[in-house]
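Heads up, there are several structures right after this.
In the two complexes below, subunit A is the common chain; its partner is subunit B in one and subunit C in the other.
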Partner chain A sequence: MNAKNTCPEYAARLRTASDLINKVNYEIKRGSLARKKLVWLELTGCSGNIISLLDGSNPGFKYLVSMMCDLIFSNSLMASEGEAAMERLFGIPDNEFILAVEGAVSTRNNGLYNVIGRFRGEPVTALKAIRILGERASHVIAVGACASHGGTSAAKPNPARCVGIQSLLKRRVIKLPGCPCHPDWFLGTLAHILLYGEPELDDRDRPLLFYSTLIHDRCPRRSFFDQGIFAKKLGESTCMFKLGCRGPVTRIDCPIRKWNQYVNWPIGDDTPCIGCAQFGFPDQMEPFITYNTTRGVRK
Partner chain B sequence: MNGHDNDVSRRILKLAAESEYCLDLYCWTPCIYKKNVILNQLRYKLREIAYLSNFVCLKASPVQGCFAEDPDQNEKVFTPEDLAKFNGLDGNPAYVAVNGMVYDVTNNAAWAAASHFGLQAGKDLTNEFASCHAGQPILSKLKAVGKLVR
Partner chain C sequence: MSKKIIINPVTRVNGFMEIDATIDNNQVTDVKTEGLLFRGFEKMLVGRNPFDVVYFTQRICGICSTAHSIASTLALESAMGITPGKQGRYLRDILHGCEYLQNHIRHFYQYTIPDFVRLPEKYPFLATDHNDFRLPKEKNDEVTEHYFESLDISRSAHEMLAVLGGKAPHNHGIFIGGITTRAAADRIIKIKSILHNIRRFIDEKMVPDVFTIARYYSDYYKIGGGYGNLLSFGCFNGYEVLGTLYVDPLVYSNGKTSAFDPGGITEEIDYSWYKDKQDTYKPMDTAPEADMDKNKAYSWVKAPRYNGIPYETGPLARQWLSGEYRNGISAMDRVIARVLEARKITQVMGILLENLIPDVSVQQEYDIPASAEGTGLVDTTRGALGHWLKIDNKLISFYQIITPTAWNLSTRGNNGSRGTAEQALFGTMIKDIEHPVELGRIIRSFDPCVSCATHVYSQGRCIKTIQVVP
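This part shows the complex of A and B:
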């Protein structure tokens, strides 16, 4: 979508994250807002969300760690290692940090399927880490599908018995499902927490800022759906409903925000939405693509 | 061909020319919203062309439309085995049963590829519906095609 020729509402939506972050920047420079500590915990997943965050451009990751927050722990990015890193993680005072979690929690064999480090000679499982830090943080954000609801880590047959972090915590967890989470969804939510506290959430604890509308309702190919003009194979520029597009059941703003620094998104590249930002992904969003369907209905 | 038919032919040719113009406009317009407006215009023109063509064809050969409504459709009775055939695969329509009624979800947006949150069409989904959609006005919006008997 060309930002210069777009609808004002869409243009404003595209700026939600950056507007919030600019406000944070302004308030911090004025001295009316203090930077807060951020812990980024990687549990049972693929580290895709931290990679996605590093791809953020509005602002970039450098801005996040230098201007908005004090990044206390991220096992992928921090300089400390081993015992020193664990000291830093568990030495953080209660209620003074925001906890961002990516990856599900392996629960089998008391969590031993995923050990994230050793502390004072004892293995620290993902299960133990989330139980301790999840109760101590001021806010908990589940970043990506796995942390939000189990996601790919909990896909059948789920040998490690992975679960989303909410099922292990007796507190509200802000959920940002997506595989991966868009940098703007996380940074915008974080900025909102810093400025105003918890953003308005839907009944499944997703920020309405980003998760209020179905992909289907903003899809540039919606008119094809309404008229029953369906793609028969990948590469066609009509509605991919018959190929298995999950846009009609997925609430997220991909049609506006797009990916890879607002360049494109799956449907813009003739690929159906696979519902990665919907609860139940991936098992309940399958089949991702099918050609054997109701196309050419016989009477 | 009488004068009336000439008028119809001229109108079809005009609509075709206007459609060509719309297509050019569509290609040159960067704004996605204007594109949608143009697509809507194209849709109306195509509808009119289809209507006029049908009018001419019907005059030449008055046949019944392929999609004539079956007045007894809601009285159709499906056994679970019958229903299983309407699974949305191999070109078949996608039907599901809820509370003894059979509904057509072939073109329902939430049933892409005849599946919905891991459920496949062609089955009695009464329990699944109750666990997720109890109290929601969903069934009234679906087309009922018959009854399920056991």
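This part shows the complex of A and C:
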């Protein structure tokens, strides 16, 4: 075959690899230009989920902000303060950011029970912030119990009339209940969004990746339960079902993942699971600890 | 000509607050510190199972949750007439020490350093809006490197906590009698090994870094002092055999140190969004209701007082009262005291670890009394923390919490006297009105935890804007 009579398909084949590489380079470049932004919003809660995030490892916080996305706003960590900080928050273009929210939303007195800053002189309530930013983000992730369903902030009698963020937003909110949220649950969900899009969720919008299986089903003390060997006080190495363990109703991967560099977890600490990753925590998970072996029910 | 400066949010504190200052001739002539979050924990706790308060009250605060587990446990033990044994106390205080380290390292590097060191702006969250950065390039680069390195170190402090505490934040290990689990040799050596690394980081990097900052910002030794009244409930103290390893319950005022008397504590609420039959009360008397329709009120933080006057609490108070550090009382001294305290805590933990007997179980089957009252007072990371509770019909019938930040970020007292941090801000000269960096730096020197201090917030007044008042 000479140059004049080159088979078009053959020529195309020769270019396939370089076309793909160019395409990938183009996408990488485009991707880096449009690198996803992350807004971490602390609302009506204890700000313990951002502390838990700092406890993450591989990926850790530095990898998150260096390699995964641009962290634009975090009340706990950003250098900027006051009006300038709020300018950075509200200056982000629509759909270019992923919104991670911790804390519930106080609705009492038109939201004035929790003001998170001032923008152009006016107080920005948690309620106002979630309504504005929640609709503008490309994805919304509720990080921890309070953002997911109200959590402790909404515990009865719910003095600040707190609600989870879903009840204020029409769009889908990915929920990562837990008190706090394990850094892996958040970072894994974020990675899924960045690399492959939204993860598969259950019917309550929790990623199946983490929330598919009951603690009880993977508990290393399950054999004690099956044999009816129950602890009578904290500190024992058998099944804590009769001390109030909520493992049988709590869907999360604590038994295999563990916490803080994977070093321990509540049952490993000889205490019952208190169901912090289950909807209804804390009110529906109490009493956390009881020595009544018939599992007294609180009125 | 007066000018208003409002900073909200004051970032790099836990929770939400506003600084509202009036400036005349570049000097702060009036100032309010306002807590902007209400949840109402004291009301939530009524009717709950008393054992549950140990885990429930931790949810007040994500950065100092262990502190609340300790104070609530002490209050329960006081109500139940239980005194933990030696090993139980050592184990519990080791967990408390882990939290001190997590907190102080994160406060110094993640919350304080961005005020004084120019961090790489390729990270958008580290971008700044002012130019008062004074470290020469090589020093700036060195501290920047430690900012990132510290992330691994503070994380390892939480890992150490989880070894005996199950997880962090919101640990499971602190409980009546000491801790829930047993410290076998493998766990003790794991903690010792992590502590060794933390101690080395503090000695070799954190302590030199704070003195580097102090050298280039020496004017901060002269501002942000405030009243100079110091208070501690004591911590790592009064061990049966070991004695006091850190600080006893003491107060310091007008140049004199005296013993702390729990009966001297009151709270005042004229300037806070609360109502009650009385505007001054003792902790066990009453827990006021939220009320946003008060003319004078401007914050959800109340005004705790000791013998009627405001006090500062926290690392500087402890370092001063224990005699460890007495250079002065100022914004910079507060930052230095926190770092030196981190080093002190590693030493205290070292002693406690040496005294552990491996694998001791300190748990029993406990019974809640039909009715009782209990008080838990302890100095925690940010200062003096008090929990007061009553039990009726085996359920919590009353709960009162006075946090360290309530002392430091208190509103005016009923007599109009400024709160502790307000007094520290009062009179400060602001170099550049457009960038009043002094205010944030002074406030952060107290390490405010507004999540703790305001078990509430509201506004209920006209909206102010930054304006020039002729």
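Structural remarks
Assume the second predicted complex is superposed on the first by the 260 of 299 C-alpha atoms of A that agree within 3 Å, B and C clash if a C-alpha of one lies under 4 Å from a C-alpha of the other, contacts with A are read in each partner's own complex, and residues count from 1 in each chain.
Just so it is clear, a residue touches a chain if its C-beta (ideal position, glycine included) is under 8 Å from a C-beta of that chain, and two chains touch if they have at least 3 such contacts.
Quick caveat: nothing in here was measured; it's all calculated off a predicted structure.
By the touch criterion defined above, A:Arg246 lies against subunit B but remains apart from subunit C after alignment on the C-alpha atoms of chain A.
Touching more residues of subunit A than its counterpart among subunit B and subunit C is C. Of the two partner chains placed around the shared chain by superposition, subunit B is the only one that A:Gln227 touches, whereas subunit C remains out of contact. Judged by the touch definition given at the top, the superposed model places A:Gln261 against subunit C, while subunit B stays out of reach.
Of the two partner chains, subunit B and subunit C are each touched by A:Glu286. Of the two partner chains placed by superposition, A:Val140 touches none, neither subunit B nor subunit C. Looking at the shared chain after the overlay, A:Cys7 reaches subunit B, while subunit C stays out of its contact range.
Contact with subunit C, but none with subunit B, is seen for A:Pro180 once the two complexes are overlaid on the shared chain. Shared interface residues of subunit A, touching subunit B in one complex and subunit C in the other, are 286-287, 290, 298. Every residue of subunit C that touches subunit A in the complex is listed here, in rising order: 6-16, 18, 36-40, 43-44, 48-49, 51-52, 55-56, 59-63, 65, 106, 110-111, 114-115, 119, 123-129, 148, 151-152, 154-156, 158-159, 161-170, 172-173, 175, 180-182, 190, 290, 292, 361-367, 440, 451, 456-460, 463-466.
Subunit B meets subunit A in the complex at residues 30-33, 35-36, 39-40, 43, 66, 88-94, 106-107, 109-110, 112-118.
Listing the residues of subunit A that touch subunit C in their complex gives 37, 42, 44-52, 54-57, 60-62, 65-66, 70-86, 88, 106, 109, 112-118, 120-123, 151-153, 155-160, 162, 179-180, 232-236, 259-261, 263-266, 268-271, 274, 276, 282, 286-291, 298. Interface of subunit A with subunit B (complex): residues 1-2, 5-7, 216, 220, 222-225, 227-228, 241-246, 248-249, 272, 280, 283-287, 290, 292-299.
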